[in-house]
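Going by the order they are written in, the chains are A, B, C and D; count residues from 1 in each one.
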Amino acid sequence: MNEIRLPDATEAPGRRGPRLWLSRLEGPQTMGRGLGFWIAAALVLLAAILYPAFNNDYTVGNAAYFLVWTFMAMGLGLVWGYCGALSFGQTAFFGLAGYAYGVITINIGSAFGATWLALVLAVALGGAFALLIGYFMFYGRIKGVFIGIVTLSVTLVLETFMAQTAGPQWRIGEARLNGFNGMSGMPPLTVPWFGGEILLYAGTTLYYVLLGMVVLVYLGLRMLLNAPFGNVLVAIRENPERTEMLGYGIRLYQMLAFGLGGALAGLSGVLYTAWGQYITPSSMGLTAAALPIVWVAVGGRRDITATLLGTLIVIAGFQSLTIYGSQYALVVMGALLVFTVLVTPNGLVFTVMSQIGRIFGKGRE
Amino acid sequence: MTTILEVRKLNKSFGGVTVARNIDFTLQAGAMHCLIGPNGAGKSTFFRLLLGEHTPESGTIYFGGDDITHLRSFQRIRKGISVKFQVPGIFKALSVRQNLEVAFQHHLHGASLSETVRRVLDFTNLSNEATTAAGVLSHGQQQWLEIGMAVGVEPKLLLLDEPTAGMSPDETRKTGEMLHDLNARGITILAVEHDMAFVQQISQSVTVLHMGSIFAEGSIDEMTAHPGVQEIYLGAADE
Amino acid sequence: MRIHHNRTLIAALLAGTCLASGPVLAQDGPIKIGVLEDQSGDFAAATNVKVNAIRLATQEINDAGGIAGRPIELVIYDTQSDNRRYQEFMRRVLQQDQVDVVFAGFSSASREAYRPIVNQFNGLAFYNNQYEGGVCDANMIVTGAVPEQQFSTLIPWMMETYGPNVYTLAADYNFGQISAEWVRQIVAEQGGTMVGEEFIPLGVSQFSQTIQNIQQSDADFVVTLLVGAAQASYYEQANSASVGLPMASSVNVGQGYEHKRFTPPSLANMYVTTNYIEEIDTPESNDFVERFRAMFPNEPYINQEAANSYIGINLYKQLVERAGSTDHDAIRAVIAEGDVCFDGPSGNVCLDPKSQHMSHTIYLARVESDHSITFPEVWENITPYWLGDAGCDLTQNDPSAQYTPSNPPPAQ
Amino acid sequence: MEFLLAIFSISYQFGDAFAFLVISCAGLAVIFGMMGIINLAHGEFIMCGAYVTAASARAGLPLPMAIACGALAAAIIGMALERTVIRHLYHRPLDSIIATWGISLIATQGVLILLGPTMQGIGTPLGSTLIGDRSYSIYRLVLFATSIGLLLGLYLLFYRTRFGVISRATIQRPDTARALGVDTRRVYALTFGLGAGLAGLAGGLYAPTMTMVPTMGSTFIVESFVTVVVGGADIFLGAAPAAAILAVIKAALTAWYGQLFGQIGLLVAVIIVIRVMPGGLSAFIKRWQK
């Protein structure tokens, strides 16, 4: 018989609380385990921490901008890769939270860390909206590609609606929605500090803040995915009927995962809005909606590490192509996508990681 | 003896086709009972009605005395019904151990989870395959794994849809032993089965379904001798 | 890269040319101009020519010895009609490439996307499109025409010629809504009647219902403020349904050269106020077209944005030479003198110090039934008065905001 | 008389919306509805058909011939793509999103580089007719008639010809069809080519009425997907009634509340339909037939 051995997932008995959760940093649902992996991860993190020392302000700020998008990608990885529901409309939650951040901060200002309160509220709003859409879809037994169509329709409705809010009657408090031209004038994230506030413009400070958030979200998702919750999500993806017949209310799990994915998309939306002090309806349009799917698919949706790395590589790669490829950039991008799908169906990064894993015997497969 | 499952006047049709017609059915706790009948008799539909995957047009289902007719599937499972499907319903990309963990983790944690997984691995003869991806197990092993998963939710009633389909005679015999073992631990078993030898091995009594309604009930010997039963099987074979 | 910079710095220090103000590193080398335009995507049709106009101006200036003896170096990025690319590349040109000035943006959305970043780095950007008006921002210089320039000329002329009943068909976003507001206001001032007003979402390409609404109304002419390739399908469809009404527009022909792309006579009887199109038959214009075609023989059409971009580069040359530096404060001090003018392909233009917008000669272009162009009327020296009258005065303060007639600057 | 004119005017609007939905969705109904490939390059097949039509018309071909050329060109390109790319994605429908998105990027930008940002249009033929006090474009009426003819033709093709029956059988049960000696690869290629050709036909039919730019296909794509999704897997049971219902919704909302609500109404209709009848109209109708 063809022996395919998978890493053993038994949780060490007797661990409770924080130690139990820490033990879930590695497990069956995520690639990478053992000392070798964590040393490599620590080296990558160290390199990321040292990055600003060897690069100019622009490059660091640009790297921070790349990090902004990873949350939405990881959220989609959770919903699509782990839970099996392809959402074509993560941008709906992205845009909603972005606008919410703008509306809140323009109205309450940025003093005393108010921007962070706005961040939390806006992300919660994105998550709540995703829960609502998730409830509507999963309890309505909508499946497969239709999830993609419904979510796409939702984001396009939001885009179409927001695009015509240019008139002065479309205002919430002090904040004008400003239609297709987009809303601007919101403050960047602001840290209250002794002797004045620190404005988190694209630069080294913002880079470190975002790097910290990425690390937290990434490790948090690893723990969640290796916890019983993650096991059930994967079980639902593999065989929803069987999972239900094991006594799980699968719709609740799907809805919660979708809500979490929406909250993460919302986090990206808030960070994007704060980064550029600008949010526009076109960030909820068809092109914008397709991009996260491309990042996740090219990186690899079945593993959160592959999703994270893949997203960064694709965003940075597409940007360089646009800088150096002139008008051929879009053609090369298109060709790359076709190539990736045909040659590495599991995603570029995922495939590379599994190969490395096979060589060192520590991978998931 | 107490009644564990009671079905009253259950009706269901798809479009114009009636798949369950006035089914009255009672199952005693601790029984090992088989449903037989030709293809299309409504056996699988009956299971799906019991599991809540289809909603009946009329009729009532009582489980352990409670009306479960309007509960969702997973709520019925939590009340103590469990099922093994005809086509192995396992998670092929997960390891054998993960399959079992997913099955047990909503009521077990930590040490007791590991212990139960170990016991079920033993019981299903899969201890050596714990880290194998379930999709590459042999067909019989996949069936056993699913029985293990079904048992893991600690059911009072286990529904089995053709548990031995595609098994070798040796695997079939082992499966029979497994079921007797489970029954001895107090699990009521209701199985749909075609293999009459296997029915004979596990079951004291059988129910014959035909065209969506109950045709006859009795011991296996009575049923094989029953002229009407012979006729519907032969008639079905003619089609 | 870093080594190179340091060497330049040392050289600059040694040479003692380090002035008190302005970007030190760049004083001696070329003047760098960032160009962010949509060379692919939805807007490519109207914007590729802008980049070429900038190339033309650059080459002419460089051939003539550069700006104050320093050559111009262009840093060009393709923004792919994508607002995010504007944000990314605006940071890149200002921070990494350290350009002295940026020429950027086609759609108003793209301008609003990059404007916060220009403000953040205190950069200087030229926006060379006609647009809905109202940007009051010291970091922006706008060379495109604005509604008061185009409508205060167009609408009264149309009403006088064809009658007082006006139907407006506008793209349902900022440009269309604000332009429609201007039309409404001017029609009311002139004693006319709005017999209909309809807003079309961007991307809509089917107009049967709209055409019927227009036919049902008693309109004397239709003001079409449609934007984008999809909406341009209106003209073909209206023509095939024989709507037959004169049309007036501030945005067509001069930007997307619809009269060249569509089969006659679908645009017949359209009137457009524009500050430049290649058909303008003056010696300056003909000379410009000739030089343009000599450098870019395959250019499909030289539109008003191309002329504005060309003028923009030349205005910048004048500003830097008069200021003696590329420093923004010095440049704005020159603008404040109020006599920054240029005789270009479109005639004489001047920068208004209060709003940093530009006065124009406004040409009324009429599309004939064979799609040739005639010019029934020309208005010289039409100023962008509204922002200044409404209270925007960049010589006094810098709100960095965009205002509209219904959302004017707060009273001082 | 006034009443009759109003009726005609309403029917004209409905017919116009109906024709647009049917013609633009037919190709997608075959590729997405039947084959399950989520074809984001649908708009680019339409663009291809429109460009070839315009070029042939300008080269002197009569318009119907030019439109046929456009459809044929799109069909040939479609079959070539099926052979090189799509063939590998039948078991991975979600990956088809990425691949077709890539193809769409290449097509749009490639056309921009090769043929420039715009192409001259060819003008709408046939002029207009005056009914009552309003004039109507005759070509629009022709489009409506064409959409009916298209539905009829497709029905005959799929239900009355050998190719149609084999293709439906293959797509429903490829293994069985293979066991019966059908060259399933060829059937897939032809079916995909048919879908691409229908998209090209849509481009050709609408080319005289639209702006010719490389991104012109994107104005069709939302409407197409909406119609196919509402219709469900079976084109004839689903797409035609779906187009009819959506046309009523769109025409009514546009007439009473303006174009914005026409657009939003379509999208909301999709969400509701998916929620209420997950298999689309065709599954719903089939259930009733039983």
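Everything that follows uses one rule, which is that a residue touches a chain if its C-beta (ideal position, glycine included) is under 8 Å from a C-beta of that chain, and two chains touch if they have at least 3 such contacts.
Remember, predicted model here, so these are calculated numbers, not experimental data.
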(message) Which chains sit in contact with both members of the pair subunit C and subunit D?
(response) A
(message) Let me spell it out: compute each chain's centre from its C-alpha atoms, then which one is farthest from subunit B's centre?
(response) C
(request) Would you mind checking which chain's mean C-alpha position lies nearest the centre of all protein C-alpha atoms? (result) A
(message) Centroid from C-alpha atoms only, then distance subunit B to subunit D, rounded to Å. What do you get?
(response) 48
(request) State, to the nearest whole Å, the distance from the C-alpha centre of subunit A to the C-alpha centre of subunit D. (result) 34
(message) Measuring centre to centre with CA averages, how many angstrom lie between subunit A and subunit B?
(response) 42
(message) Centroid from C-alpha atoms only, then distance subunit B to subunit C, rounded to Å. What do you get?
(response) 74
(request) Would you pick out the residues of subunit B that each touch at least 2 other chains? (result) none
(request) Any chance you could list the residues of subunit A touching two or more other chains? (result) 160, 164, 327, 330
(request) Mind pulling the residue numbers of subunit C that touch at least two other chains? (result) 40, 172, 199, 201
(request) Report the residues of subunit B in contact with subunit A in the complex, numbered from low to high. (result) 51, 53, 72-75, 77-78, 82-83, 85, 89-95, 97-98, 101-103, 105-106, 110-111, 113-114, 117, 130-133, 136, 138, 146, 149-150, 152-153
(request) Show which residues of subunit D lie in contact with subunit A when the two form their complex. (result) 36, 38, 40, 85, 88-89, 92-95, 97-99, 101-110, 112-113, 218, 221-222, 225-226, 229, 260, 263-264, 267-268, 270-271, 274-275, 278
(request) Please give the residue numbers of subunit D that touch subunit C in the complex, ascending. (result) 9, 12-13, 16-17, 20, 109, 112, 116-124, 126-128, 130, 133-140, 208-216, 218-219, 251, 254-255, 258-260, 262-263
(message) Give the list of subunit C residues in touch with subunit D in this complex.
(response) 40-42, 44-46, 48, 172, 198-201, 203-206, 208-210, 212, 215-216, 229-230, 232-233, 236-237, 239-244, 260-264, 266, 300
(message) For a test of understanding, state which residues of subunit C touch subunit A in their complex under the given definition.
(response) 2, 39-40, 77-78, 80, 82-85, 87-89, 91-92, 95-96, 108-109, 111-113, 115-117, 120, 172-174, 177-178, 199, 201-202, 401-402, 404, 406-407
